[in-house]
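Should a chain be cited, it is by its letter among A, B and C, assigned in written order, with residues numbered from 1 in that chain.
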Amino acid sequence: MTIVVLQVLNGLTIGAIYILLASGLTIVFGLQGIVNIAHGVFYMLGAYLAIGLYPRIGFAATLLVVFLATALLGLALELGGVRPLVRWKRQGMQVLVVTLGVAIIASEVTKLIWGPVPQLSDVPAGLTGVMVLGPVVYPTYWLFVIAFTAVFMGLLALAFYRTTLGILVQSIALNSEISQAMGTNAPRINSLVFALGTGVAGVAGVLAGPILSVYPTMCFDLLIILFVVVILGGLGSLLGIVVSGVLIGLVNAFGVAYLTGTVGNIFAFAVMIGVLVFRPLGLFGRAGILK
Amino acid sequence: MTARALVVATALLGGALALPWVLAGTRYESYVQHVVVQMMLMGLYAMAWDFLNGYVGLFSFGHAAFFGTGAYTAAILVARGGLTSAPVVLVAALAAAVVVGLVVGFLASRVGSVAIFLVTFACAEALYLIVLSDPRGVTNGDNGLPGVTPGPLLGLDLGDGRTFYYLALAVVVLSYLVLRRVTLSQFGQVLLGIRENEVRVRFAGYHVEQYKTAAFAVSALFAGLAGALTAFHERIASPESMGWLVSGEAVLFTTLGGTGTLLGPVLGAAIVVAAREVLSDFFRSWLIFVGATYIVLVFFLPSGLYPVIFPAGRASRRP
Amino acid sequence: MLTLERVTAGYGDTTVLWDVSLEVRRSEAVALLGRNGMGKTTTLLAIMGLNPARGGAIRFRDRDITRLRPFEIARLGVGYAPEGRQLWGPLTVVQNLRIPFVNKHPDRSQWAAQLERVYALFPILRERSRQAAGSLSGGEQQMLSIARAMVGGDEFLVLDEPTEGLAPTVVATIVDAIRALKAQGLTVLLVEQNTHTAFAVADRAYLLEKGRITAEGRTADLARDADLLQRHLGVAAEAQPR
């Protein structure tokens, strides 16, 4: 029983990181119909920056600095690499290819700067140690990651459904042309959301540093599972990524515990393929958004 | 094909036929032959991808699944199963690739264009992980499966460099002719129709999903053929052949050479393989060039080299 | 207020509009008539920048808007009710109105006043204000579409087939609303297939045939030209408006 609870917590922790990463990907897809292969780069960058920054400026400041840095870089990518293609109506595949190129270059450059050896960043002071939850003893930091994500997703949902910006974002996702004909500066909002998404990916990298190892191809390895989360949830759906993030996190955790990590991932793919056979739009996907 | 393209193709074919004779006896003979065979087989592989993308409009990022299935089926049958009959091994490898192609195609044909990318990617990655983790002790994990030395094929000794060279050349030329014939057939015209306007084809009463799945199977057949021959050629099936970089290479070769041309991908493969041979010795991070090529192509040469070399000589129009 | 000069527009390889010139003056209601597929909606899409004109010039308040992006055109003060309404179905009525308001209205403190202006015109929308737009009836959706076009405080409204597919009683409500907006001093460009509606609200009209303007004039004069109506709109003479 204790083992099962432990695995559930492990699944939630991993799932939390998947969810943070998938939130940006899935909203950007909903808005512009594009998938950013370089999304994992910002996650990787966040993790590497944190290793250097955290001992110097502390955890909270690291989160803030990384968020701003990765958001700005994301903005640069959107303005330079994505927006021209969208303007020429060549989004979709062309954006995939460009961001793939960016990701390959970033991964190689990372290898040159930080070397190929995997690293693990330190657990922030104040979040070290363990918490006793009934029969289960669990690392405080891992619980913090779960709580952080829960609060973040709560705030994100609030922003999405209750604020004016959130409603504008929804209107673009539902019908971009009409939203623009009603005066919405969609290109600017798209850039903003893209940048926020990459900023959150950077934050996810900071959070994941002490849990998953940090290495130059992590931007691809996690990306693949991330795609499973996003497809399974239904592209463009916030609720979808929460459910599928937790689900894939759990599959992964139990796979690691009872079989091997790779087998856990294979299960994740199997779950996705199984769902797609019966629900091509994913668990919460809307018809139309994929066309 | 324009007259100019015909002249160039004849010249290239003549050059390829003559190459082993020119090199015979020199110290470059086996090395150049080896590299040119790689070019041809990767060209065949990219040609298979181009069939799907250039003629049906489907963007697969999981073609390594078909390539790798061909390679591993061949390798397992020869190295583990001790099967020496090359024709039997080849037929089995192609059948396996087609089965994987049908499964992936079935899944991919049910979702939208961007999601096809994600689904094919995920399927290939699942196969990659299976091969890598080797749960049954068949694939030899991340070391790859060596010892792929098949018996003769139609009386040809596959162990001989020059024989293999001419075999690969013949296979590429025949595959091109077959794929070209397919694109001109009625089946191919329906596929072209799907590329141009899927809704209209659906209203015309065609079962679009079945056509897409069939197109995936055809593409997988040729990608699997390239994979199996690569395993024969390298004498090993490596897990990298299932990896996403190989999936990406199909995109790279085709985009560089020219989408929707079938021959452009071979050109793209030849250029990149040659560049890799030259550059990877000097730059450890040679992949940076690959990444940069992706970006440069999209922004500055979206139609690839083929229309630059052969104006208006493309095998099919694109909007 | 709005002028089109020799505007050409189309989709892909096909040209739909040829040298279309028209003018809408301040506080005037102008109808664009024509059968299906004659280029009425294409004209409006060109004005809104949703399918930019390939040739010619479009001027709004003496400013060339031919190459502006849709949101820039909208922000100059053009309210738009698109063909088929195209509301944001999952969003509530108030949220549907909020979007053009925050984008276009210069004074955010006028939100309550603008909502009241909408509710005065369409009282039913007050009752439906918290409902998802997709759950409204067809008539209510059309009211919301017009409300969405006016709530930003725009002085110029572009309405694409505002009475299409509606029951006669609802059509009357919509016609009254458009007249009321006109009485408030707003300028209206209206696309209609239904000549009854068009003649009931418009001062002048243009007739579009196969992408060209073939007739124009005061609606009162056009209504008397039975032959023209019969030939180009398929309307029998006795079906003319009051």
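One rule holds in what follows: contacts are C-beta pairs under 8 Å (C-beta built on N, C-alpha and C of every residue); 3 or more make two chains touch, one makes a residue touch a chain.
These figures come from a predicted structure and were not determined experimentally.
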Overall pattern in which the protein chains touch one another (line/ring/star/complete/other): line
Chain occupying the middle, per Cα centroid: A
Pair of chains whose C-beta contact count is the highest in the structure: A-B
Chain at maximum distance from chain C, centres defined as averaged CA atoms: B
Separation of mean Cα positions, chain C and chain B [Å, integer]: 54
Centre-of-Cα separation between chain C and chain A, whole angstrom: 43
Distance from the mean Cα position of chain B to that of chain A, given in whole angstrom: 32
Residues of chain A that touch chain B when the two form their complex: 29, 33-35, 81, 84-85, 90, 92-94, 96-98, 100-105, 107-109, 111-112, 220, 224, 227-228, 230-231, 235, 260, 262-263, 265-266, 269-270, 272-273, 276-277, 280-281, 290-291
Parts of chain C lying in touch with chain A, wherever the complex brings them together: 48-50, 69-71, 73-75, 80, 82, 86, 88-91, 95, 98-100, 102-104, 148, 152
Touching residues (chain side chain A, partner chain C) in the complex: 164, 167-168, 170-171, 174-175, 177-187
Partner chain A, residues of chain B touching it in the complex: 59, 61, 107, 110-115, 117-119, 121-123, 125-126, 129-130, 132-133, 135, 244, 248, 251, 255, 285, 287-288, 290-295, 297-299, 302
